[in-house]
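Next come two complexes built around subunit A: one with subunit B, the other with subunit C.
== the complex of A and B ==
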């Protein structure tokens, strides 16, 4: 009865209640949706780390990570791998060689990390092969060709392997993307010209486009104008295990494109056979064994187990290798909760204000209720319930709206193109797929109820302080 | 049997400027089944007296025994509970809960007392019939006339079968016909269920119906006549 009356009381002053409910709806929607975007970005980044960059557990020589010395390598790798892959909960195992060196083209030269892989094994562990930029080759389909390499998009740009040029075909494509004719006319001025790098192409664009046009269409034009020198040659140079300068000529067998521009600009993959030969390592050696588990949730226990099985080696899991990532994923929940608490605290002021008005308006009625025998506890409960209904109605509406919008946007992703460079520098994709678990909605529901309860305390105490005889005399 | 005894009851309001002696040395006794009117000019202390009898207000001096219980010895939560079980209230301005129907308003108290549903429904229908509103069960206060609302209020006051009903100017907002109708209902309940009614009034027609008339002036009882 108290609950029913409280619910009906919510609708006594429809407009006022709707205003409060609407503010809660908007606040909760904004909060939940923002959390959905943040969470989607963090999840994507974690997936990216697990799938492309680190996988679950890595085993190295205890000094390899700190010294980065070629000589700190693992031996009897095939036996090690066999033992590990025989363990329960292990899905796949691969090994890699690492050398730090330089990548050079005729005009450019940059420091890179050269990773020797077995493409077939690598595919079992890492998903990087799926990130192949279309039309740049098919590295993983050609495992026999030792001179091929797999490099990142950013590195390809730095090495001038990606170039820019405009031709009639590209103009047509841009026309079908509904670019204004004056822009098309502008850029068609440099048809046939070839630009070695992004900077010179942008400069040329700037001479024919206004700043506004450039910010609006520049990225699209840039993407369309990219051309790729197939099987472009470059050399890799480095010092081998006998301290001799060595190296080789390689061809680009494929370019991968991932959100992490750091990774993209310095990780070069070549076949382990050729790298082993070049650094003069014997067979059955590697710098790193990478382990993928059937379930990432077993990472901790498996790390422990591997440590006790191989006490002489360094066993690290992805959280230890990327502590910033681990922190982000571990504390994300707390952060989101905190974020919602701040939003709800702001909304609470509106609810408190409304409930104070309610108590003031109903002074006489509250006096009557006490007179006919409604005790303080029940008066308190009635006001509290009304307040919870106010917050919960808005909250549920807000959550439903955000759930729908998250569902819609998570299917297509949201393009934060304008912030692409900043996001990618931190390893985040500019396409974010918002996502949030059902447990978060449960936590938010609880927080909303708590907000309703806390917001009612002061107004309800005011109601209890009323002297019934006085209250009944008010008009 | 005495349901109510007042011994030298005083009520003094201390306003900032003057002391108001709203009730001044009142001694009264009420037997079960009385139908009594408290009359007197505006400001004579009728409301104050009824509020003290109902435990909504405490006397500054003197004692009030309700069913032999001294209300001043009870804690405020116990007083509220005591009121719920022993005293029915009817107010001048009806004071129904506007969002609830006639039936729900009457049920409210029984609900607070956790009556089982069946018993509650039976009693509610009984009361609605007694006040002649059995066809307005689901009407909200705003859909009822003043007289009908006041009859709902009387039904509500009787819901928990109190020993007596206090009514502060119950007919002040009603027209002649509604007044008569309400008084007939109150009289009938008084006769048939032996419920004690104590009501204040200005209205000579209401006074006529009372079997006992207590007159207040400046907080003092100036006459107390019983007529049959």
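== the complex of A and C ==
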């Protein structure tokens, strides 16, 4: 009875109610969608860490992480690996060698982490081999080609292995992308020239394009103009286990492109047996054992178990290795909640205002109701229900809209191309696939109801204070 | 007819072969001329030229064979007393102001030595011009008024060389490196080195000024001037020690 009256009351002043509902809809949509985007980005980043960078659990010599010393290595690695892979819940195990060194080309030299891997074993654990940039190599397809390496896109850029050139073919390709002719003419001036880095190419572009043209087509031109020298040569120099300077010539056998530019710019992969030989390590040694579990949710229990099984080694899981990621994925829910609470708090003021108007407008009516015997509790409940209806209608509409839009955008991804550099510096992809769990919608629904209740308190109290006799007499 | 063709081919090939041999021989002789001395002591001045500034370092330099070298900076006052030791493929640096002996890590090897365009790597890996390249005489030019061989040196596939190829000009009479152009793998010029002001010093004819000009940085240049040099001075291996690095004056 009360509920029905409240629902009817909502629609007595259609325009006013619709305005409030619309504002709630927009507010909730904005909030939920923004959370969806953030959550999508965080999820992608966590997947990226698990699949390409860290995996689930790593075992090292207790001093390796703090000293980064070659001598802090693991011995009897194959026995260790056998023992671990025999455990329940372990999907795959692999071992890696780590050396810090320098990569040099004729123009640049840069500090890198050289990682010795067994490509076949790696594939079981890391998905990095899938991130191979097409046409740059084949990820250690031929293990006899000892000089091949797998390097990141950003490193290839810094080492000038990727550089920028314009030729007729590229102009043709750009033409098919429907670039205006005057831009094409401008760029074709650079035919035959070679630009070593992004900066110099951009500078050249700026000399022929207007700022507007650049912001519109600059990225596309830049991408097309990237060329790559196949099997490009570079040297790696580092110190071996006897503290002697050593190194070798390597060629690019593949370039990986992942969203994390930090990782890309300093991780060089080569075959472990070659690195082992260069640093003069005996067989059966490694710096790190990487473990992938069948289910990531078992990480905590497995870390504990491995710790008690190998007390003399350091066992760390991905949350301990990348605490920023752990924080992000653990506190994300709380942050999203706060975000929604702030939005709802702002909306609440709108609802309070409307409800206040409702109460003042119906002074006579409310007086009548009390006069004919409706008790205060019921009046209070009626006003509260009306307010909850207002907010919930808007909220549900907002959630439906945002759910649809999240579904649509998550299929295609949202391109934040203009912020690519910044995002990738933090390890986030510029393509974000928004995603949010159903439990979030439930929390939001509860929050909306609470908002409706809270924002009705003041107007309802105001209604209760009315003296029926007094109220009846108002016009 | 067939025989004639065969002979021609043979002659052509042997010529090619000989020129290759010759080119290698020339480079080797020129290289021996720099590195072949038993030992040396020199006083040098290095000027680092940048678009905005310029500074001059003076230093003393002892060498023995290609393996040992010790360098002591004598000016300016700020860097005075800093010394460097090279033994084989390793390098140490002594800095008296912080009282520290540092073994140069790989990361410092490829940075410019004392802010110049010379990299520590250049200093450590000089001997590879003979072994790591395939040499070929491509012509003759006149540089500084002297007739020179122009020799193209293509880096061997497996050699630990970052250059794609080099072109070096070597004096025909005295086997001096007068000019070198260093190219990257794409064949773009990266660095030019010039030997100038050929003088007789301690009985040997040598270019007394060396210039290094990086190609992609405009207005950058490093000039090394040999002020004084003595060859085959008596010096013990023990002179090139970490202890002496701190003591040497």
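Keep in mind that, in the parts below, the second predicted complex is superposed on the first by the 472 of 475 C-alpha atoms of A that agree within 3 Å, B and C clash if a C-alpha of one lies under 4 Å from a C-alpha of the other, contacts with A are read in each partner's own complex, and residues count from 1 in each chain.
By definition in this document, a contact is a pair of C-beta atoms (placed from the backbone, for glycine too) under 8 Å apart; a residue touches a chain by one contact, two chains touch by 3 or more.
Computed from a predicted structure; not experimentally measured.
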item	value
Touched partner set for A:368, first subunit B, second subunit C, both or neither	first
First, second, both or neither for A:438, with subunit B first and subunit C second	neither
Partner chain(s) touched by A:211 [first = subunit B, second = subunit C, both, neither]	neither
First, second, both or neither for A:194, with subunit B first and subunit C second	second
First, second, both or neither for A:249, with subunit B first and subunit C second	second
Subunit B versus subunit C as contact partner of A:5, first or second or both or neither	first
Touching partner for A:472 - first (subunit B), second (subunit C), both, neither	first
Which of subunit B and subunit C A:235 touches, first, second, both or neither	second
For the subunit A and subunit C complex, residues of the former touching the latter	100-102, 104-107, 109, 111, 147, 160, 194, 196, 229, 232-235, 237-239, 244-245, 247-249
Contact footprint of subunit A on subunit C as seen in their complex	89-90, 105-107, 109-111, 119, 121, 124, 158-164, 182-186, 188, 190, 216
Contact footprint of subunit A on subunit B as seen in their complex	47, 51, 54, 56-57, 77, 80-81, 83-85, 88-89, 91, 93, 95, 97-100, 104, 107-109, 111-112, 156-157, 160
In the complex with subunit B, residue positions of subunit A that touch it	1-2, 4-5, 8-9, 11-12, 364-365, 368-376, 378, 468-469, 472-473
